[in-house]
Amino acid sequence: MIFAVMVALLVTMVLALVRAFMGPGLYNRILAINTFGTKTVLFVAVAGFLFGRPEFLDIGILYALVNFVATVAVLRLTHLQDPWSGTEGGEAG
Amino acid sequence: MIASHYVYWTFFALMLIGLYVVISHGNLLKKLIGLTLFQVGVFLFYIGLGKRDGGSAPIISDGVEVYSHPLPQVLILTAIVVGVATLAVGLALAVRIFEAYGTVEEDEVVERDRADLATGHDGHQAAGRDSGGS
Amino acid sequence: MTAFSLINIVLLAILVATAVTITRLRALYEAAMLAALFSLVTACLFVLLDALDVAFTEAAVGVGISTVLILGVLALTRSREAVTQRRRRLPGVAAVLLVGGTLGYASLDLPAFGAADSPVHSHPLTEVYLHQSQEAVGIPNTVTSVLASYRGLDTLGELVVVFTAGLAVVSLLGPLRRRRPTRPERPRPIADFDLADYRVIRVVSGGLLPFVLLFALYVLFHGEYGPGGGFQAGVIFASGFVLYGLVFGLDRAQRVVPHAALWSLVTLGLLVYIGLGMATMLLGGSFLDYDVLAPGNPATGQHLGILVVETAIGITVASVMTTIFFSFAGRGVSR
Amino acid sequence: MSVIEVLSGVLLAAGALALVSGGVGLLRFPDFYTRTHAASVTDPAGAGLILIGLLLRVDAWDTAVRLLIILLFLTLTSPTATHILAHAARRDGVPMWQEGDRRR
């Protein structure tokens, strides 16, 4: 059963990857990469059970966090002319 | 041969893709991304050498007999952090080059240096003036 | 075909496909994002290859820090790559053929992947690190004991390299500048970006942030029993600050940790590490020999030494990474 | 086979189905917004189902706590990320697909 879930995960990863490659444009890629990130969290969790050492789920927690940081960073840094201050705006870069 | 070595060959392929980007692409930032690809190839190669069939993570616990080797993991663990620190140095250099030349394309930077040499300007002064004007 | 090799092949194929796509993309923002995806897949592969600590570090560094740095530099410079000229291709292809041929030829001598009788696994050090370390050091995570105890001097060297890199970035990008006080304090959303957007991010990241920092501390102190340790904790801590700086603006992030405090922390970690080495020498051992810290009870001494060293590593790595982030961020502001 | 195991199997299967359908939607839907829909609905749903399915198989309490923390983080961050993403795209003027348009 767990192996079947793993296969489903890998299939979904490949599908999201194709979307990330095809684009078109920035947003489709961000969306695909964000989805892919969730799949990697699940990958770590399922792999722990599949190979019999489920106590190492800490890594999954980290992936969930880091995935969010990456999405926020992409949105933040591709959107502002003066990327770091957040006080003065501009059109999308 | 294929069944036992394909993993190494994929790691080598990653290194070579990175190497190609570093040498052939002119954009300095693209070169740095290529450098990280190359790095990851090397990291995976090290970790791959320490992996053992049916092994488990080298954290000793009851009921687990076979472990992968911890030493390559230690080396790569520190190498990753050092890698991002050196990447930051490279990026800082790229920012400075952009501020001096107004471009991060290697060809354009070299061309501008050549033009400065031909007109007899000191390269540094010329670069400073150019960035002031742009 | 086992489950392992199936997953392995799929992940490797994803990696190579991503790498090829990265080289072909000329829009560098998108290439940088695919690089983040690349490092996520790499981290999964590290999990599969039993390198949990490495997976930890790679995910936090590759996604949380280096992507942010690359995107930030792209925002400062140009984000489209020029077309690669035909004449440039030849040297690259030549180098790839040369190096690839050499590596391919050399790989014929490599032991089969995962073989139990390979030189790596039959070397006497394997026995030392995996089994004797349980008596000599007494902590389950052998990666931590090798990192902090057996190869403590090497790790000190790596830490010095990280320190030097931080120094180089700061000297290239100028000192961390204090912002002019005329700027509005609260980050105001740009004209047509709805405030509600920012409120959602602010509330969620504000709620998440304490957990990130707590998690970093957990990783630091749990590193003896599970995956984790100073390097990982430092990087997670720094990515928490990166998140804070991205969402709430550099201004507030710099008020939380002023740069003077940051630089003292950078050197503090390094000094604690070296000081511990000196202390063990004064107590009659050799440099970084923790056995002498608790006379008559080497295991306790090792525990103590490893804990101090990991904390020192965590402090230095976290503050160097935060310094690097602030330097790049300050560049954008002062322009 | 106990009731718990059957239940866990059902949850895992449902989660896997949700994931794959989300992946297909991400690939096949015609524009960015519909793809966001596919991804944002199936992501937390599939993740939740799978994580709860795994939770039923755990004996050690610390593993269960970790699974719950992952679940909490995912349910917090994943909708937030897709929400701001869709909002930013709308503001940026990513065009919406209309009946009869080409796929983008």
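Here the chain labels run A, B, C and D in written order, and each chain numbers its own residues starting at 1.
Quick note on the criterion: a residue touches a chain if its C-beta (ideal position, glycine included) is under 8 Å from a C-beta of that chain, and two chains touch if they have at least 3 such contacts.
Predicted, not measured: the structure shown is a model, and the values here were computed from it.
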item: Distance-maximising chain from chain C - centres being C-alpha averages; value: D
item: Between A-B and B-C, the pair with more C-beta contacts; value: B-C
item: Mean-CA-position distance for chain C and chain B (Å); value: 14
item: Chain centre separation (chain A, chain B; CA means) in Å; value: 22
item: Interchain centroid distance [CA atoms averaged], chain B/chain D, Å; value: 33
item: Distance from chain D to chain A - Cα centre to Cα centre, in angstrom; value: 12
item: Two or more partner chains touched - positions in chain C; value: 52, 74, 76, 193, 201, 204, 208, 211, 226-227
item: For chain A, residues contacting two or more additional chains; value: 13-14, 30, 51, 55-56, 58, 61, 65, 67-68, 72, 79
item: Chain D residues counted as touching two or more neighbouring chains; value: 73, 77, 80, 84, 88
item: Touching pairs among all chains present in the structure; value: A-B, A-C, A-D, B-C, C-D
item: Touching residues on chain B, where the partner in the complex is chain C; value: 4-10, 12-21, 23-27, 29-30, 32-34, 36-37, 40, 43-44, 47-61, 66-74, 76-89, 91-96, 98, 103-105, 107-108
item: Complex contact set, residues of chain A against chain B; value: 51-53, 55-56
item: Residue ranges of chain C touching chain D (in the complex, touch as defined); value: 192-194, 196-197, 200-201, 204, 207-208, 211
item: Chain C partner contacts - residues on chain A that touch it in the complex; value: 3, 6, 10, 13-14, 17, 20-21, 23, 26, 29-30, 33, 36-37, 40, 43-44, 47, 50-51, 55-56, 58-59, 61-63, 65-70, 72-74, 76-80, 82-90, 93
item: Chain A-touching residues of chain B, taken from the complex the two chains share; value: 56-57, 59, 61, 64
